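My questions all concern the structure below.
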């Protein structure tokens, strides 16, 4: 018989306001096996923990039940507390009377009764708990960073700096990500390329960093410390080891009409291309969708002009297998398609552009070489209208995102300011719902746009843009003066909401990392573990976790690196001891369990057993590798004889909980 | 269970640790209410749910049993919920075949982000089971009155 | 292919062209519009107030009649389409409306939004196919630059109407291409012409209508087409433009050679 | 201020004015702006605050075109046109408050005017 | 019939095997039990092969194939499916077994024959489509089809799926078996009617465990119902509903492994149509996850240990059920 201690937490008033904690403690004290029962304001506090430890000693407790917040919150804390007092940490069970009781119920009597039942279920389970010892598994001292934007680069540099190997997988031909397309950065207005490209070069030259450019993650197997990843190196039809990046091929290729994604399709590139001058790696790539040679077998000009002999039309996708201890997701964001917001006439006029397109139109390496010209007729625009929140903060309208995209207020202020600075003859209007500028020197920046640069900020929205006679007739509201205003603009710039990159969803599935309804990766804890995914060994860097500007992205990237280093610095990881274990006496050796195990943790061997009348019998029986088993329990249900059971969640334990609840 | 002349069914909700248990926590964090008749049992994965547990719950007086797990494709263990989906489909079909009310059992995929869905599901399921009244059939299956 | 057809009040009188050519073209394209025997006026405006039940019943009757015939319900007039489609949505999704309408009508089989409500243009797009239509055209309107005027009621609210992208629709432009002409895209094609106030405030209606006609003309159109008799009247009488306005069925019949 | 009436109007409208984030998209969109003394965003705001009498006495409830552009473009699903309709209905349902009287009709007709115009005006402006 | 015994003798005499697994006469002519024969004498004395050899021998091989020396077994078509399924589950050591496939036209149900007035049978001989029975009360003739076991009436296959040697000509699978008709009939009932049906059937159960003991899929080293750690261990009913789930759990445990050999219903002393539970699972599996026959081959994954990403949701039970 266990000697069980029950500890009911008030969580200040979080629990105590709805649950009669005294009554819960009193009632549970009467349960069989309970030798001590108490309640306290904050069980997780130092004093609370000491109270538990003291009770373990005084009452010689063999099991502990804590009625408190979710085990997802403090199970680890209380296990440590008990372990420090000499009790096996797996003799602790938590009854979740906060998230799943006090916070959802209003009636005190009902909530108290439910808390008692949840406590009883935990007690019933503890009765059947057995001390468990965690095994260990080795850590592969190498990290994978998925996505080579500023987030991925920063994480990789920090990990490499600490002396560990790190690979970057980037789906585009070059690393650098969205930041390469940005002209200037707020609030300092320094040139994005000037601060980014040295980092790209650092990453390329760092001997601890290996860059898989033009590559994608194909599959992920394994678990924290022991990931097995297959990387697909897409065929670029250019031998990476031979290409010198001279660019001869990219000027000779006869296929000139390929929309240039770097400039968002506002100019053209060739079928063989290097995305931009500072690309890393600086290697040409053939675009198979446009290359005449690959499509028809006729051409081959790039091959003829390549002095290095790097062109290889026969190249195939290559699958590379690598082992990693940690994976960092840095898949970034994309602006949403504004197709559903055509009241702004984006599809009808080239002079209606997105902010990222505007960024390219202002950039010296952009389609207009840095001179701001209207895309339609390449003339200088005089009146510019910026529209904020295009697709952000939409709730239930089915076409936008419910969240604030966070970066638009600041970059729009930047655009407006730069525009007025470079072209003082322009009239610049910004239509806003709210101007949101929390951040160091951010509001000062926005005020400068208004006060020093004379940008017209109008509280209101644009309702309709009508392209007519070479102008964009903008109909909008000015809420402060309660007017509908009409502006004949030359350009309209849409601050499109940002969303996670489309590749994130399938990747999350591969990683079994959870996502929110907007496809942003979820963090292990929104406040206390913001750079870790709830899935062990998966870390989050940059905008894949939520909208972020550059300084925030870099900060989070370094934070993710720090978390990775904490993992890689360990030689061994403590495994989850709640793993499957077969009872050999009952095992039929039928392989049902093996068929459903996602980790290949189950193997079979022939074993000798004593039969009746001193005979021996040889039987095939299953065994589980506890370092590989992750404890899902699929095998326990597949097993017809019930020989396979899960430690910590055994058949008997779960049924005891069922019984306690249904009584 | 009769409370103040009103029938309050006993509902057992098995929730996988990674998505649905977290989703249930989230509905608590967001103070979304659902009936106190719902009691949650944490299991590591929806694939840990042995049909025996469901039958046991009914045997011991549960009126409805619901399984919540990660959405298919998002299982923490990659494939667990796919197995659970087949097992529960066949089990529910069998219970239906035996004439047990099919409204007493349910599977719902609830992610860690779907606190609202969790609460809504529990409200709906409880109401549905309450309509059926006490679970008698599984008890009576083997004894003719 | 036989479909139930709800002509509506105006198509019997002032909007005869919309109706006549629509039916002729349908025959040429191999589908029959079977006029519902006892249809009643839909009311021309969808009552947005949540507690309006009685004003929606005439639409419910038409929907039930089509259901009982096992046919889709086709309309030509944008307003009728708008009203009937939205009432159908209420019958499908609004339990209060469902309960009260069914109680009131005392049907043998309760109606819960089973009927498919289609606009004639949707029939062309989804049932006939614009590619098939293109093949059946005998007199393609080559060289004509046509501006499609959608107005409000075909597209909005898109959650309920589900005809097309409400801000960048293509169904009428695709139709124009199918009959061999060139569509003119202009931003005002989904803006309101002010038809509802034409009775009381002609000047204001004229202002709205002429903005549309001017935009169409400035973008190079040589005529405008519509599916709504009220828009037709307003654009033509109050638009102050020399651009002709046609019902889309008129041009359809012309292209099919059945005019 | 008439909170009770405002509540009724909200119920008739079936939308939640509290969802409004005051972006002004509806008013930016409104084609009848020039002929309404209160604009769509004000309808939402005033109904939420209970200032419905002013709205009920306003001319704008008869000049809203019911074009539904504000419904379509509202990023918060507040659907201002429904609020305006609810105010209009609240007026028209009162005794003797019909905006359009049959005896006025003949003077308004012309040869080409479609039935639809009259039918819809009756539907919109009368009990 | 003589051919089978001749083969048994031959295999023993030429040393192919050291033992024979077959059937021997019990107290009555029609009451046969599986038996192991170790010598030609034993075979000549007791070995029987008659239309009453319904018993499925494959399950006995779990133990027998682990003993010294090779054993020969006679498998009817339906038995052979169980044999392959057990092989698939590594339960039988194939190398120690010599399989003789025997063609089968269906086995007889003594209860049915008694109902037809054929009592006190002492011998049977086949005469075309008829069975000529010698009885204590003289010779009686019945049409074979009227005397068949229920499971043989809707025989799914006359094909022996694995054998070392075949006696007689091997048959074909029979896709027109109509074996799911009764399941479909129950499905078409209202839940109340179904409940009444099963309540009537299951309330007769005396929990003798015959179904479990005969079932080739129920071959666990130790049954969960006998295992104290399973949480559901019970031998006899403690309360009226303590063990009501026995048949559901049993059916679930054999689901996607049951070959539909029908032994459970054949041996049930209370004549509960237990095979309908298994067939319900098989029918569902076929309809929802594609045709699957347990024991038809060695490679296909059992449907409950398999999945596809776009499997139906459990709510399909409601959707299919409609408002019945």
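Letters A, B, C, D and E name the chains as they come in the text, with residue numbers starting at 1 for each one.
Here is the rule we use: a residue touches a chain if its C-beta (ideal position, glycine included) is under 8 Å from a C-beta of that chain, and two chains touch if they have at least 3 such contacts.
Owing to the predicted nature of the structure, the values given are computational and were not obtained by experimental measurement.
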Handout entry: Chains touching both chain B and chain D, listed by label
Key = A
Problem - Each chain counted as touching chain B and chain C at once - result: A
Handout entry: chain A-chain E separation of Cα centroids, rounded to whole Å
Key = 54
Exercise for the section: Mind checking the centre-to-centre distance between chain A and chain B? Centres are C-alpha means, answer in whole Å. Expected result: 30
Practice task
Compute the distance, rounded to whole Å, between the mean C-alpha positions of chain A and chain D.
Solution key: 46
Problem - Centroid spacing, where centroids are CA-atom means, of chain A and chain C in whole angstrom - result: 47
Completion exercise
Among chain D residues, those touching two or more other chains are 34, 69
Handout entry: Residue numbers of chain B (touch at least two other chains)
Key = 51-52, 56, 73, 79, 83, 87
Practice task
Would you give the residues of chain E that are in contact with at least 2 other chains, written as numbers and ranges?
Solution key: 224, 230-232, 304-306
Handout entry: Inter-chain touch pairs (all)
Key = A-B, A-C, A-D, A-E, B-E, C-D
Exercise for the section: Could you pull out which chain D residues touch chain A in their complex? Expected result: 19, 21-30, 33-34, 39, 41-42, 69, 73-77
Exercise for the section: Going by the contact rule at the top, pick out the chain A residues touching chain C in the complex. Expected result: 339-343, 345, 347-348, 398, 464-469
Fill in the blank from the handout: Per the touch rule, the chain A residues reaching chain E in their complex are 583, 585-592, 595-596, 604, 617-620, 638, 640-643, 645, 650-652, 655-656
Exercise for the section: Please give the residue numbers of chain C that touch chain D in the complex, ascending. Expected result: 8-10, 13-15, 41, 43-45, 47-52, 55, 77, 79, 152, 155-158, 166-167, 191-192, 194-201, 204, 208, 229-230, 232-233, 236-237
Problem - Footprint of chain B on chain A - complex, ascending - result: 70-72, 96, 98-101, 103-107, 110-111, 113-114, 117-118, 121, 508-509, 512, 514-517, 522, 534-535, 578, 596, 598, 630-634, 636-638, 646, 649, 651, 654-655, 657-659, 661-663
